[in-house]
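In the two complexes that follow, chain A is the common piece, with chain B as its partner first and chain C second.
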Partner chain A sequence: MPAGVFKETYGEEIAIFRYPIHYAGAALGLLFALMLPILVGPYYMLLAVSFLIFLVGTVGLNITVGLAGLISLAHAALMGMGAYVTAFLAEKGVNILVAIPVAGLSAAALAFILALPSFRLKGYYLAMASLAAQFIIEYIFALIDPDQYVPIPDEAKYLGGIYLGRGLPLYYTTLAITIVSILTAVNLGRSILGRAMKAVRDNDVAAEVVGINVYYVKAIAFTIGGFYAGLAGGLYALYSSGIGWEGFTLEGSIEYLGMVLIGGPGRIVWGSFLGVLLVRTGWTLLESTLADLIVSYVAAALKYLILGGMIAGFIIFEPEGLIAVLRRFKEYLRLWPYSY
Partner chain B sequence: MAQNTKYIALIVLVIVVVAAAAFMFFQKPGAGKEEAPEKLTVKIGVLTDETGPTSDVGISYAKGVLAALKYFNEKGITTKDGVKVELSWVKRDYAYNPTKAEEFYKEFRDKYGVIAVLGWGTADTEKLSDTIINDKIVYISASYSAKLTAKPYNFFVPPDYSTQACIAISWIASVKPGAKIALLYDHKVAYSRSPIDAIKAAAQQLGLEVVADVDLPLKATEADAERAVLQIVDKNPDYVWCGNTITSCSLAAKAMAKQGLNAIMISNVWGFDERSKDMIGPEGYGKAMGVSPFIYPAIARQQNIPGINLVLEAARAAGYSDTDVNLRFLQGFLSAWLLVQAIERVDSQALMDKGGEALKEVLEASCQGQAFDFQGLVAPARFCPGRHIASEQAYLVLLNENGEFELKGPQSAPEGIDCAQITIQAGG
Partner chain C sequence: MVEANILVGALFQGFVLGLIYALIALGFNIIYRVSKSINFAHPALILLVGYVALVVSRQNGIAAGLIISLAVAALAGLVLEKSLAKPLIGKPPVALIGATLGAFYVIRGVTFIVGRFEAAALPLQSTYYSLGLLKVSTNDLVSMAVTGAGLLGLILLHNKTRIGSAIRAVAEDAEGAAGYGLPVSRLMTLSWILAGLTGALGGLALSLKAQVNPYLDFYAIKAFAASILAGLDSIGGVVLGGLALGLVEQLASIVLEPYLPGIGGHIAFFFLLLILLVKPYGLFGTERIERI
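Now for the complex of A and B:
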């Protein structure tokens, strides 16, 4: 009987579930996610829905930024693209479950266009190009949505007589789409394409030398990231009574980037999970507490101070993000009480 | 294997601890009303903009709302059948972001179980106007958008923006027939756009000419204002409509004086108040006016309007000086006062059973019954089902050449022109 778990094939080595603990963790996590509505009230269930939506979006940005090393400051605009496409299709009578994947594809197409500057630019210059794209798209949103509000017809949110826009159906629909999205993203990281993205991120010249089509990889990284952003936008349209361009501004893009950088760039699932949990959901909970304790403009200013401070802090002291801190803690526990 | 067992045990332990903590921490929301018949608690959500682009008027408005809630709570509120009511409120600053407003609204509804919301802006109030019908939550807003007048759960104290604007247009037609009007407002903001279709339609019907329609950002800089004014100078308008808030409109009035444009600016209710005198400066004296359904507090004190004493008493009780009581404070106070008056007209059993729906019913009962009276600070309000236009009167306030505010009116809406309906039909 072997003492430990030994991998005998490459397939076993790169499997998603490599150790028994992975199965146990996934099962318990799934159980917890399924039981959450029983454990918490409707408000916290909605908070969980919001968490899942932004998790999908952040996973997308983590593919673009973390996996392929391409800085994007237009992710909120891509999410907006998905939301507006969903709203448009819903208005035309298309069921929202059909509209959501179309929203993802539309945002992916837009992201592909945004990827074009990445063929010639990188680093700060690429960031500036994406920043320009964010402003242009934001401006177009404001032009097509001058009332700051496009309603999502409730009729589009039904499936077999069940209204998906609220309560348990909303939660479970979002959860199902999130799980599928995450599993796909996990597989992407283990694929040839995923490894090519990492190679381009680490050294694009070396990647090209070994035969990787750098342009193709960059375009695909942006496009997949855009697809996830569009999917998140579509889910947001399901969650919300209507969408407005203020929800997809530069501030949103910076928040997305903050979630990736703080959570753990390159760690597509857990890094994104921790980033959204801390920056988005954590702040929402903190904001309510602060609003009751101190004057609101101090609370509003605190958000930017805290978010900015955390981004700077993680970039300087822990570029691998919160996930690296947790990994070290896990290692410590694994060896505890001995340090060797 | 032992190591894996250790991991599994650890994960199970963490999950159990997290689940237990979540169970204890996340409480299910309380009901919007209490069962005890001798005392009811009415939960209210207050949405404000104290940090966003309309904070120049939003901060004082929020102070007025909170001062009123505190004052009436301490003074004692009773329902129609004599049951004591205590108000309990939750305030959130959404910084004029409709997306954020919806998140806070869901928090109000699902976490706190509110039955009424004292809200703020046009885009967010319009956005939530259908949701609140399903939730049966009464929503009294600082947005006076005409589109809200057709919504069953939306209410506000003065006439809608479109009716107010038409009152101004009607006044222009009476003092200068055939006058030329230029429009300055933020083309991307629902609030600023709200009365524009009605203004254009009313101007046409009253023989006036709209000669320019120019974008002026709500959060304008001096350069924005000068650029906007430059675009209307050669049109030589007699009057300029400003549809933004006070900072933006004051900058535009200054720019008009700087460019030598000999026209009078008329701002909507949020674009002109006591601060306009200092913000516009002497060069704009005699050239700036505002529409206001409310009597300015300083003028109300001069004219001994009874309601102002109540407002001042509430402000003092909340720790504010008399000078803090400005037009915005008054507007906020009156919104909260309308809610309190509705609670005082409702039957306690109906309030317990139906919550916001009961409040809506008593508000709409004013259509044929007793109007909601604000002791002279604004015209008495009546709300008819399907048409929540509280009244059709407003003042025009001129900053005269001596730098003093001069009240003209009250003026009435032009007869035969249903400006709110024009806006609703235009979808603007």
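Now for the complex of A and C:
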């Protein structure tokens, strides 16, 4: 820590901006995010949009898994719920900017219903319950959408005459929604609810003893995670011209879980950021290089090998995720050339 | 009303599949007892066994395929225990769940490189016999024999032998068992190997029943429902759980199919959620007295 900054109140200790470098970092980061369309071409801008969408979803799962310590295997299904609700509302003529929050709320409601079994059960039973829920929701998607294609009408994607589904407006809309939801998530982590979630994660018996309503906190954590998944689904509907449920299967849920566990569970923003960057965007870039080099079935199998190996490896060797590796590296640089 | 021969056939199929479910569910329960966590890598093991048996038996005959796939499964159990379960002892169960999920993907990746996503039947000639209303194939009979023998053998091993009682002691209280001089760590390894072998027998029976295809692990995921119905720490109960699941599935696909297409393949998950809501410790599981 730089010498010369002293904290006198608890409020200063838990503030978002605690050191001058935080202000500088936030300003530079924001500037970079706003300038990105100028810096890179349209392909990388679309990649950035998909990165932001999955960042919102991963932030949600990081609240469920990282803060509250619940394993959820139904996150992709909840995202699908958001996407389908958006598609349905857009079909009815509702503007997409109205439909996206509604999608979040409906996914949150679904998540709350799914969390009901966890009222009685410990973590691994919730993993089972959410796994079952994932397959049930997939089955319902297959019933209502047998062709795997629901178009999102373009008419719903206008705001004041500007078409939001493409190019710069798409990027900036997604960026705005992402920033708002990330700020909300950061503040959630600092609030009484966030601290209650951490207490439940670390020791649920002790949490109950100090007066935290454990069932309530678990259900809320799952519900909030569902809300973010629904938002991500709504953004996904904005991003694509039509949705199918093949993106919302168990594999999607495991990928989400992988992004949280690899990036850094409990570190809501930066953990999720690194996870999505490495797993989702990294793989997209790697895939296009691999496609020329090796046979397609090996490339498809390689995704399972790499992702699975990284999930297991991080849990065993670095349970705090990639962010802890970076932090150690930062400490090393700060202390260099001394060892402590 | 449903015709009698369809009903009899469905009940028989439910019985055969139910035994397979029971054997796969037994693998989950063996692991749960010693490691207190759910082994999500188990479904991928089923897939691996199917493909290893397919690839090896094409070149070296069915006997070699069976032996090598059993050996691969036992080895996989050993590797999983050494690489995941042992380093994570003492960590919250969520850690092992995540790690086995990772292993689920790794084993899937290996399987798809070995098996190239193809779908084919094991090279074993099957003939059909008619017994009154019922049509029976030799593959059904063989898989019934394999699963029946596997279930009986494991339950006897678990309940009647010295090794079985040692494993039970470790499952009950690992530290206490260590105090009595039992080789706890070796018994845990043995349990994982046993679970691997159970999965291998289940996987082989399943590949006989439903061909080797990239979705074999889906059956194993459905076997979770059997495991939960029996109670995660129950051993003998899985037979009942598996049979219940097999029969429910077949009956649902006869009765509900006209209204909800494809429900037969997914009823297991409704079943699973229902059990978790109503009786989370299952029919034969020990109800732990904890309120969180």
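As a convention for this text, the second predicted complex is superposed on the first by the 337 of 340 C-alpha atoms of A that agree within 3 Å, B and C clash if a C-alpha of one lies under 4 Å from a C-alpha of the other, contacts with A are read in each partner's own complex, and residues count from 1 in each chain.
Keep this in mind: a residue touches a chain if its C-beta (ideal position, glycine included) is under 8 Å from a C-beta of that chain, and two chains touch if they have at least 3 such contacts.
A quick note: this is a predicted structure, and the numbers were derived from the prediction, not measured.
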| item | value |
| --- | --- |
| Combined model on chain A where chain B meets chain C, clash or fit | fit |
| Contacts of A:Leu333 with chain B and chain C, given as first, second, both or neither | first |
| Which of chain B and chain C A:Ala142 touches, first, second, both or neither | both |
| First (chain B), second (chain C), both or neither touched by A:Val40 | first |
| Which superposed partner A:Tyr216 touches (first chain B, second chain C, both, neither) | neither |
| Chain B versus chain C as contact partner of A:Ser288, first or second or both or neither | first |
| Chain A as apex of chain B and chain C, Cα-centre angle in degrees (nearest 10) | 70 |
| First (chain B), second (chain C), both or neither touched by A:Ser50 | first |
| Chain B versus chain C as contact partner of A:Ala300, first or second or both or neither | both |
| Contacts of A:Ser240 with chain B and chain C, given as first, second, both or neither | first |
| Partner chain(s) touched by A:Met310 [first = chain B, second = chain C, both, neither] | second |
| Chain B and chain C, minimum CA distance [Å, superposed model] | 5 |
| Residues on chain A lying within both footprints (that of chain B and that of chain C) | 142-143, 297, 300-301 |
| Residues of chain A touching chain C in the complex | 69, 71, 116-117, 120-125, 127-129, 131-133, 135-136, 139, 142-143, 204-205, 208, 214, 254, 257-258, 261, 297-298, 300-313, 315-316, 319 |
| Interface residues, chain C side, partner chain A - complex | 37-38, 83-84, 87-88, 91-95, 97-113, 116-117, 221, 224-225, 228, 260-263, 266, 269-270, 272-273, 276-277, 280, 290-292 |
| Residues of chain A touching chain B in the complex | 3-5, 19-21, 24-25, 28-29, 32, 35-36, 39-44, 46, 50, 142-143, 146-149, 151, 240-244, 246-247, 284, 288, 291-292, 295-297, 299-301, 333-334 |
| Residues of chain B defined as touching chain A within the complex | 1, 3-4, 7-8, 10-12, 15, 18-19, 22-23, 26-29, 48, 50-51, 55, 90-93, 95-100, 102-103, 106-107, 109-111, 123, 126-128, 130-131, 187-190, 193, 428 |
